[in-house]
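Structures given as structure tokens follow.
The same subunit A turns up in both complexes below, where it pairs with subunit B and then with subunit C.
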Partner chain A sequence: MGKHVLLVEDETNIIEAIQFLLSREGWQVDTHSDGATAVDKVRNMRPDLVVLDYMLPGKNGIDILTELRADPDFERLPVLMLTARGQSRDRDLAERAGVSRFMTKPFSNTEVVTAVRDLVQLAQ
Partner chain B sequence: MGRLKQSDLARQIGISASYLNLIEHNRRRIGGKLLLDIAAALGVEPTVLSEGAEAALIASLQEAAQRANMSDSESGRAEEFAGRFPGWADVLAAAHRKIADLERTVETLSDRLAHDPELAASVHEVLSTAASIRSTASILAEDKTITEEWRNRFHTNIDADSRRLADSSKALVGFLDTETGEAAPSGSPQEEVAQFLAAHDYGFVSLEDGSGSVDNLVSGAPELVSVQSRHLARTVLNRVVQDSAQVGMTDLQAALAEDGVDVIALSDRFGVSVPHMMRRLAAVPGLDAGLVVSDRAGSLLFRKDIEGFTIPRHGAACPLWPLFQVMGQPGQVIRARVQMPTRDGVVFDCFAAAEPVGPMVFNAPRLLEAAMLILPVPDSPTAGDVPVQDIGPACRICPRGGCAGRREPSILSDGFGGF
Partner chain C sequence: MISVNQLVAVSLVYVAFLFAIAFFAERASVRGRSGWLRSPLVYTLSLSIYCTAWTFYGAVGYAARSGMEFVTIYLGPSLVMIGWWWVLRKLVRIGRAQRATSVADLISARYGKSNLLAIVVTLMAVVGVTPYIALQLQSVTLSVSIFSDPVQTDGLSQSTATFWVACGLAIFTVLFGTRNLNANERHDGVVIAIAVEAVVKLIALLAVGIFVVWGIAGGIGPMLERIDSSPIGEWSMDRSRWVALTALSAAAFLALPRMFQVMVVENDDERHLQIASWAFPLYLMLMSLFVVPIAVIGLDILPPGSNPDLFVLTVPLAEGQGGLATLSFLGGFSSATSMVIVATLALSTMVSNHIVMPIWLSTQAEGAQVSGDVRNVVILARRASILLIIFFGYLYYRLSGGGAALAAIGLISFVGVAQFLPAMLGGIFWRGATRWGALAGLVVGFTVWVFCSLLPSFGPDAVLSASVFDNGIAGMGWLRPQALFGVEGIDPTVHAIVWSITLNMVAFLGVSIVTFPQPLERLQGAQFVNVFDHSAQARGWDAAPATSEDLMVMAQRILGPDDALALFRAEAQRQGVTGHLPEPTQGFLQALERELAGSVGSATAHAMISQLVGGASVSVEDLMAVADESAQILEYSNRLEAKSAELSRTARKLREANEKLTALSVQKDAFLGQISHELRTPMTSIRSFSEILRDTDELEQSEKTKYASIIHGETIRLTRLLDDLLDLSVLENGQVSLNLDTGNLNDVIGQAVLSAGGDRSTRLTVRHEQAGVDRPLTTDLDRLRQVFINLITNAQKYCDAPEPELRIDVMDRGDGLQVVFHDNGTPIPSEARSLIFEKFSRINDKDGSGAGLGLAICREIMARLGGDITHEPRADGNAFVVHLPVRAALAAQ
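What follows is the complex of A and B.
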């Protein structure tokens, strides 16, 4: 498919696993671990989809998402949020901030790959 | 139950106050001799009590029916159902009450997860590590074409993550097991300072004899990760330097041999305040004393743990502690024998006193600090005829029922002990 995914996550081993999974499916995967500079990274790379962790150093996933949605260039960008914070209030926060899909850790690999594929297809 | 106090009634009929509390709230059904004894003690007919229990049973059944969206005509037959099938009615009502208790407990735990940063961080660590292991293990199990390089890398990752999961799980259990008093993983500046102090067993000989400096101790402490914790640790250590200048450890140990742990006599002898003396006593090796220092708002500024006396890591402590009683009268010294609600029922002798701190400024509120020294009582729990006050750790982790000091439900015992 050759589409471009930006994975914003600070857990090294999760990064490796997701990078492997998506690359195997033909995605071009870039990674970024710092919340504070994540929005700039998205602006520079302009990926087709962002996989975004909730708890990140520097700035959390909700604030990053809110900032992205305030930018007309990224208001429709598919964002899949992966988080260990699975409480309903966290999900509500993410939905209000404009998340495309909210997935709690531990996740299944198939679910992640399917969600990435579906979200990008939906955005086309 | 009228003017007779619950604890007096319980004593009179030979059951515990907590069991009577359960009966009173229809959580335990009674009959036979116990019913007759309670009726006799209250001076009422036994049928009055059993009718009350019957009404409560029917109310519980109707509540259960409402929650199940049962029709009015059906739920209106609760009394008939209880009459025809009393055993099943009891089971259904008990199950309904249990579900309500559990729902409230889940709500409380969920709230705790949201507001307790240390717990949230521990759970987050466990879930993140589990996510990594699950994802990596699935790749290894399902992808037979994976290269040797990736396979080796994933094996290494799983090995590292499984160790991390074991550590974080243990830390989480230690955090939740409030009765063991195990150290929690650091997560806040206060917790880092607590770990630093514990690592030094709350004694700093190098500061007392002048061979070391506060800055060297702080900069060389692996526990003090954050800027805030280093600042807090400096405050604590500067106070150690000031306190020990007036009360040297060797002199204090000699005085202890003569006066015993008499905080007033010892503070008089050294010409220092009682809270000052308590801080020094808490540092005496072998005395095994605990110490808590609080400000007027109830924030615990310093904590030296003592086994069996649970000091909460977050939020307010028990308002019944002598520590808070002295806030209203700085200079007064309270000595009280107290008991925590632990299984082994150990008791402690507490000394508490408050003193003004900080500079005096016209028309500005005077800041106060209270200290409470906690000493284990030898031969506890049968420790003589001294009256023992019941206290707790903090409402949310205290199982005591019927406590006038309770401000929030407990997550322990019967779901909502005493609320």
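What follows is the complex of A and C.
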């Protein structure tokens, strides 16, 4: 399918895992580990989907998502948010900010891959 | 011989002259140039209304009849002025402070502003002064008759003359005295006219005296010889009469309404009393200087049976001195007119303020709030009162037959007004004096006076039958007017004085002692008795219901629109609300009451303001209720205040507790979020890679190894994290047990460097100079080593210098040791410095291997060991300073 996925994550090992999983499914995966510059990265790269970590250095996932949704270009951009903070408050915040899908770490590989596929299909 | 017509013409010219003086004086006063009008001299001269026609004509007659006794009439006032000036001063101070308009007003004000008392005093004053006015009418008539054709001086024409004299005096008084309404707005014109008249009568009497001594007798020596050979020279003193008459004239001087008018009401400056205290006795002395010579010469040269009361006129006439006689006539005329003017003025003020106004007010449904101008009513009442009083005088003159000696009539009056004295003096010196006491004294004294002095003065069978004189009322011997209680053989005048004043005082004292003063009486009593302590304060008003508009309307009606406006404007300015009506404050109401009291008397003014303000009277219960209520309110408000303070304290505590809880909850949330993140992150990798390993068949061996080692590393990270967490938890809860041991600090540092530097992959150079301090140390050496290792590994991880270097120095600080870990990396940004010792704070954590608990643990350990750890930024890096007490462990726990 040759679709672009941007993975915004600061944990090296998790980057490696997700990159492995999505590349195997045929996705072209770009990674970015700095929260502060993540929005610019999305603007430049214009990915088909963003996998977004919650806790990032510089700027957290919720703020990045809110900023993206404020831009008409990324209103409908599928965003899969992953978080290691297992609190329900965070899910509420993310949904209010307009997240497409919210998953808690540790995740099941299958679920992540399925979610990415579904979200991209839904967006088309 | 001077004809009556000429005399009338001279009198009219003289009256016109007085009018002119009064007119110019008032105009000067209005223009504010009244300084000279208010000099001590004018004040002293105005006091000379004491010397009426009685003293002018009568003193000579008195001397001709009773020798030196006439001196008592001058002695009493002189003694008062010289010896009792302090009483006068107090009287003047009180009168001015209370704005008393008359004797009645003063007594009424003293006894709780009682209108009943005011009415009684007014009636007594009218009755008491009436003979005195009759006396003036008689003397003027007599003096005129001297000049008239003897053929026409039959009874009818004489009483006709008296009638016309009365009419003239009435018109004169009305025109003079009622131009101003406010009795306390002093009568400048009247006072100056009186002063002029005082001069005229003194000059007249002196002129006659000088003529008699030098013109007739031929000098002082021959004069004295003639006196010695005359009946007056053989006069012997009747001690009881002398004392009684002196006391009486002193009392009358204080209590006479007209004296009160000039002495207190017209007083402009208390200090004038000081000069008057010697100047007035001097005046009296001059007035009495030639009385005896004139009497002696009169008795000598005039035919027997001539009226000695007229010697002052008849002696010059007999000698053909028409001009001197005319001057003498003017002197007598002055004496009579000045007395009548001031006396009727004083009485009319009393009558209108205490009788007419209260009646008029009570007939008005709304009191002061009726339509119409109260001023007109007051002026009308005063004018009517003047006419009425002079008419009474005329009536008395007709009834008493006009035959009695002038001095005798004067004494009757004196005894009458002397009845005021106990209530007056008692009121200003004795706080125990009560309204009922004053009333009882006045009524008893007055009754005795009427029975023993006034009624007998009409002569037997005029009012009292001759049998009453001889046998008493209804045959009761102890009720004889001139021998009360069977005490006989006393001079009738002395008898009347002694009994009336004695019984008056007994009643006054007795009833005062057994009755209880009303609150208002107490307040007023205190103000009167202690007038020198507080001259300004009067009793208070509860001003709430009084509206300024109502007060203004009332004040305008009484004071006149202009004066009322000026008063209100001044008050508004004082209150700082210029252009608006002033607030009815207590002070203003009191001032207003005093101002109104000047016009309508204090009792009426009080009543008027009462009606507006609402509190008609003040009783003990009211006062107690008010006091009680305010005390309750005060207590209640105190309680409320305490309660509210307590509430706000509680609220503050709650708020603080809540804030603490919220902060704790936020901290807990943050902590849990952090823990969750720190635990889930390695677990994510572990799960993900283990699933990859499980589910992916075509993995190469290198990949398998890589993923397995990731899993392995993350497991170790997880374990370390859990260890740290447990460690921190134990440290924070203080449950840590320390293994105390004694060792060398440099050894501990060395071991730490070895442990941390075991991993040779780092480029960090550690320099540990072992020289310097070498002290044995008792502490938990393992924990200390943990701190040092942590600091060294942090430097290994975070020191970003091209050639990272860590220098470890030990310093002896006396009370302890200091170990400084000084690296050459980028200094920690100032905003992050306060955070580095907090849990999960990771500054610039590149590989994410730390959970951010290291420094937090170090801080906890150092606290347990009794020392601490701080961060000091250095120009070339960071310094972590560990402070250690020499016996570290003892400080802990």
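Simple rule for what comes next: the second predicted complex is superposed on the first by the 124 of 124 C-alpha atoms of A that agree within 3 Å, B and C clash if a C-alpha of one lies under 4 Å from a C-alpha of the other, contacts with A are read in each partner's own complex, and residues count from 1 in each chain.
Please note the rule applied: a residue touches a chain if its C-beta (ideal position, glycine included) is under 8 Å from a C-beta of that chain, and two chains touch if they have at least 3 such contacts.
Fair warning: this is a prediction, and the values are worked out from it, not measured in the lab.
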item	value
Partner chain(s) touched by A:121 [first = subunit B, second = subunit C, both, neither]	neither
Touched partner set for A:44, first subunit B, second subunit C, both or neither	neither
Touching both subunit C and subunit B, counted on subunit A across the two superposed complexes	11, 13-14, 16-18, 20-21, 24, 55, 84-87, 89, 104-109
Footprint of subunit A on subunit B - complex, ascending	110, 113-114, 120, 123-124, 127-128, 130-136, 138-139, 142-143, 150, 153-154, 157, 160-161
Residue ranges of subunit C touching subunit A (in the complex, touch as defined)	669, 672-673, 676-689, 691-692, 695-696, 710, 713-714, 847-848
Residue ranges of subunit A in contact with subunit B within the complex	11, 13-14, 16-18, 20-21, 24, 55, 82, 84-87, 89, 104-109, 112
Partner subunit C, residues of subunit A touching it in the complex	10-14, 16-18, 20-21, 24, 55, 84-87, 89-90, 104-110
